[in-house]
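What follows is a group of structures, each given as structure tokens.
Next come two complexes, and both contain subunit A; in the first it sits with subunit B, in the second with subunit C.
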Partner chain A sequence: MSGLLRVENLVTRFYTDEGVVKAVDGNSFHLDADEALGVVGESGSGKTVTALSIMRLIENPGRIEGGRILFLGQDLLRKSERQMRRIRGKEISMVFQDSLSSLNPTLTVGTQIVRVLRNHLRISRRDGWRRAMELLAAVGIPEPAKRVSHYPHQLSGGMRQRALIAMAIACNPKLLILDEPTTALDVTIEAQIFELIGRLKGEFGMGVFLITHDLSVVASFCQRVIIMYAGKIVEEAPVEELYENPLHPYTLGLLRSIPPLDGEAERLESIPGEVPDLINLPLGCNFSPRCALADERCWQVEPELSEITPGHRAACWKVKSPAATGGCHG
Partner chain B sequence: MAREIQTGEYELGAHRTLLQEFWRNFRRNKLSLIGGVIVLFYGFLAIFAPLLAPYDPIEQFDAPPGMRNPMPPLSRDEDGRLFLLGTDKFGRDILSRAIYGTRTLLEVAVGSIAVAMLIGVTMGAIAGYKAGTWIDEVLMRAVDIMLSFPSLVLAIALVGAFGIGKIKLGPITLSNIVKIMLVIAITYSPRFARVMRAVVLQEMAKDYVSAAKISGASSARILLKEIFPNTIPPIIVQASLMMATTVLTTSSLSFLGLGLQPPRPSLGLMLNEARDYLFWGAWWYVVVPGGLITLAILGFNLLGDGLRDALDPRQARRRR
Partner chain C sequence: MVVYLLKRLILAVPTLLIASFFIFSLVHLAPGDPIRGMLGQYQDPELIAQLRKAMGLDLPFHVQYARWLGKIVRGDLGISITVKRGAPVAELIAQRFSVTLELATFSLIIALLIAIPTGIISALRQNRLSDHVSRLIALAGVSIPNFFLGILLILLVGVYLRQPWGAGGYVPISRGLGKNLAHMFLPAVALGTAYSAIIMRMMRSAMLDAMSQDFVRTARAMGIAPWDIVRRDIVKNALIPVITVIGNSIGYLLGGSIVTETVFRLPGVGNLVIMGVFRRDFPVIQAVVLIIVVIRIFINLAVDLTYGMLDPRIRYGGTS
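Let's look at the complex of A and B:
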């Protein structure tokens, strides 16, 4: 299978004074062009570290320890820093959640967009400014000719986030990573922004890697979902499949913790316990200390991510596939 | 075409807004305005010294019969020349010497702060950007060693090492005033290095630096074009506060006879000469240079405090 991005057995660890943090622990997934992949998990589950690993921006004391990151068939982990610089911002782009701190407070929005453009394209300053205005118009900022010379603090939160997206898509990247892009925004702006990204995705055939902890956003925007827990992928499925037929107990817990749309006033459930310490992970399944179904095997042996039905993978001993129960490992 | 012209206009407009914002914050604090006025007054004195000083600062006048130098304020000599602030022990006009002395003092202070900033900011930027590496360790331990000396002691030691008066360093001859600037610059550069390193570290943790990396910018580019503009406000604040300290150190060196050499007019040197006449009732001799030094320090400190309040981007933005 070709695909836009193919990550195989990615391992990223942080060597802190307290011990080794297994932030991303042997994950594999893929993403096609014109596809939106949602990555859902609690804070500290390794979503952002996965994204930064793809960008090769893991900094000391962190290290990418193993695996391959194939982008258009080429392993990003084998690229030199120089080559990576040419890929970042041009082929792969990223948008952070905090739009105020992601923009340089001392530079106008236009200057910052022009810089990205001129990092990668042979373009004159004058054309860069014109393009910056076009981009701001494209992301739905009113009066782009005026906004282009505004400083970040002069824009509203929604506009800043749009400006960041304009910066990220300036060079028509093939892969756009969004790290909780709408957490700080209100719901109407959030809807507008996703509509915009969806349109751009269709127009340019962009792959979108969407990090979020909001399952409703995933439901409306993504084609496939990955659920991460304590550095590992625990479940992966097409969106409808995940909502209709969640397999992993953690996914079930997540789905039960959001209120149903039909408004039945049931009490929302929370998942008991806490995310495990990534330095001292449990021996068996990472979720076993919080799992109601866990038994001796779950505590002792780690389950592997295996395909239960086509396109639907889960890492749990308790999941029974309709065909062969549990697979061939154990 | 119309679009492009518009862009230019708006850009200017936005810059003015930043300045206006600064001015609005600065104006709010009356004390810092006073500081600004004092500093402007000194700048005016220094720049227009030749026009303001009534006499040549080293010309000696004879006291009229029945009087002796130093003469008190408002005395006149035989030709009817008025000495507004009196004369010194050699019959030189104190007002003229004070004005020229202010000029020299500011020359030395501004020059040495500029050099100290250049050295310190470079060191601090490198150390901050390479934080945790051996480069950072070497630079910052050097800074620690220099800061472990009281600054005046370090300055005296450096003057001792260089020698008094003008000096020769291989083929280059440094005039005395340039040498003093260098000595003070070396003494105070570690403070700029520390501030700069801290600011760079603080800025590097911000998302816009990651965003710049994500957009494919190189390290040098990020440091110079993204981080540097954000370090200017704290460095300006530090510079204006250090101006006060430098005025004091320059005057102290001159007072001790290690700084500017006679007959060059210098406020520190005037104080030293005035010492002998203090108990003879020649109060004007000591009050004029002493007062000018004190007022300068006060002015720079008030201005620095005001700038700190007005330029701190977080506070300024929050107040909007």
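Let's look at the complex of A and C:
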């Protein structure tokens, strides 16, 4: 129970005119200090909503309907907005996807970092600026003394993302949430950014919650993975375990849709069908309409997420008990 | 920046030319004859023909236009035919310009004082009572013509409350700034409220737009205090489009001043153009309208420059 973050039965829904969107539907997971947890899924699978729920940044018409979010043993869902403001940016920080739109275009990068620092720490303006320059240097921005007074649009995409990370780690948070931090960047810069985050994680013992749809990023950076599908966790495992022994048919589909780097490029497979409508979810397993293995029970009854082998959980009727083969090729 | 300014100034030349042509054509297409208006009861055909020739009104349209344009370029706005016979139009405008300028400035100040705070509050309290109330008032402000509001204000303050400053008329600053401003207050309110309604609506929607931006979410995720988010993330970004609206609708203020000056009997440029229209004083109408066009062009330029001050993306160009 040395967990940094423990989420239990989190339910987040959006009350739209079309109906109730079950964006996050009763998920539980945990994250330790100095651990990187990857969260993988298609868009609309509830990854970002999970992250925003942890930050308590769900806005109307969304609502966190149930569960507990224990951060260092304290339930964040019971904190007041005022208390949450002291946690956000200081204890838990988040880096968003699009660095251009995520930075205020009318303030310099330095101003935006200094403002976070001065918001949480007793620090003079002068020291704040010095610290902002140090942070920019720490995230590998060349000429930080010059860049600190630049506006976001004057920086390249990679530098902007670094500046956003600098802002997020300014107060040495214990948990860093990254929402697809490198989607807009090219591969070399992506590698540099992950190297940077990995280094910071080691230095400060940060827990990292990494949202991505890219399984290869997870393979190189994370210790554990959660696979989400239509608002639910369908599989959770240590990274090597997931790659060697994927249990859920959806995970298998995801892995098969990655082109292999070595060997013959076999025919890539895509998962047939579409992500279900989160307002009208299937009766049974959410994945059953697209699953080749689905039978009557899958269509009628929802499978529970259960531990198959230690540390490896999956929500699928077709997964054999631990003693058996472990595969899902029934 | 200097190159940009020069470019804009050069671009203003064709705009002005086209505008001048339209103004001239419209005035000449309008029914009514300045000579007949000038002569009153003595409608002697021979005299009419003589005067027509003397003023060049017998010449073909394009020659008249060319002559007028030639004079304008040399700074000669012409001679009044009927409003104040024989007086240079430039002089007439100069005498009255300060009145209109004061009215417009005062109205703008009142409009901003009403619009910016209500726009901000309305957006921050979206769909709550204060939002609905301010939107209703804004709708009323846009819908009520300012001459009607002006008449109502005169009735209320001047007639019912019997305040001397509420009955219209103009007191020059030389007779006391206080009195001058007091007499300007109601006209400025009448003109400013409708204008404030336009700005307020724009401010509200620009605020709502800014509030939904990703960087506001970032600021919230960093635990920034709400007042700081409102000030530096929302209002600062919302003001950029609002400044444009303020500038672009200055024309509204100038147009509105024509009616307002008439209702409140203010001897401004708007009042001059009304007299010009009633008495078919072509040079007066042409000159005043052309000056309004020039003012608008310069205001637009000023707006663009302000825009650059607020938005670093424009100030520094594409250096990303």
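One rule holds for everything that comes next: the second predicted complex is superposed on the first by the 321 of 330 C-alpha atoms of A that agree within 3 Å, B and C clash if a C-alpha of one lies under 4 Å from a C-alpha of the other, contacts with A are read in each partner's own complex, and residues count from 1 in each chain.
The rule we apply is simple: a residue touches a chain if its C-beta (ideal position, glycine included) is under 8 Å from a C-beta of that chain, and two chains touch if they have at least 3 such contacts.
Keep in mind the model is a prediction, meaning the values are calculated, not measured.
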Would you mind checking whether subunit B and subunit C clash or fit side by side on subunit A after the superposition?
clash
Between subunit B and subunit C, whom does A:199 touch in the aligned arrangement: first, second, both, or neither?
neither
Between subunit B (first) and subunit C (second), which does A:96 come into contact with in this model arrangement: first, second, both, or neither?
both
Output check: A:155 vs subunit B and subunit C. Expected answer is one of first, second, both, neither. What do you get?
second
Check the contacts made with subunit A and report whether subunit B or subunit C touches more of its residues.
B
Per the contact definition in the header, classify A:145: touching subunit B only (first), subunit C only (second), both, or neither.
first
Output check: A:126 vs subunit B and subunit C. Expected answer is one of first, second, both, neither. What do you get?
first
Where does subunit B run into subunit C after the fit on chain A, at 4-12, 22-30, 58-66 or 76-84?
22-30
Common ground on subunit A, meaning residues reached by subunit C in one complex and by subunit B in the other
55, 57, 85-90, 93-94, 96, 98, 101-107, 115-116, 119-120, 151, 153-154, 164, 167
Complex contact set, residues of subunit C against subunit A
213-215, 217-225, 228, 232-233, 236-237, 240, 310-313, 316, 318-320
As the complex stands, subunit A meets subunit B at residues 55, 57, 60, 85-90, 93-94, 96, 98, 101-108, 110, 115-116, 119-120, 126, 129-130, 133, 145-146, 148-151, 153-154, 164, 167
The answer for subunit A against subunit C in the complex is residues 55, 57, 84-90, 93-94, 96, 98, 101-107, 115-116, 119-120, 151, 153-156, 164, 167-168
What part of subunit B is in contact with subunit A in the complex they form?
3-4, 6-7, 10-11, 13-14, 17-18, 132, 206-208, 210-218, 225-226, 229-230, 232, 313, 317, 320
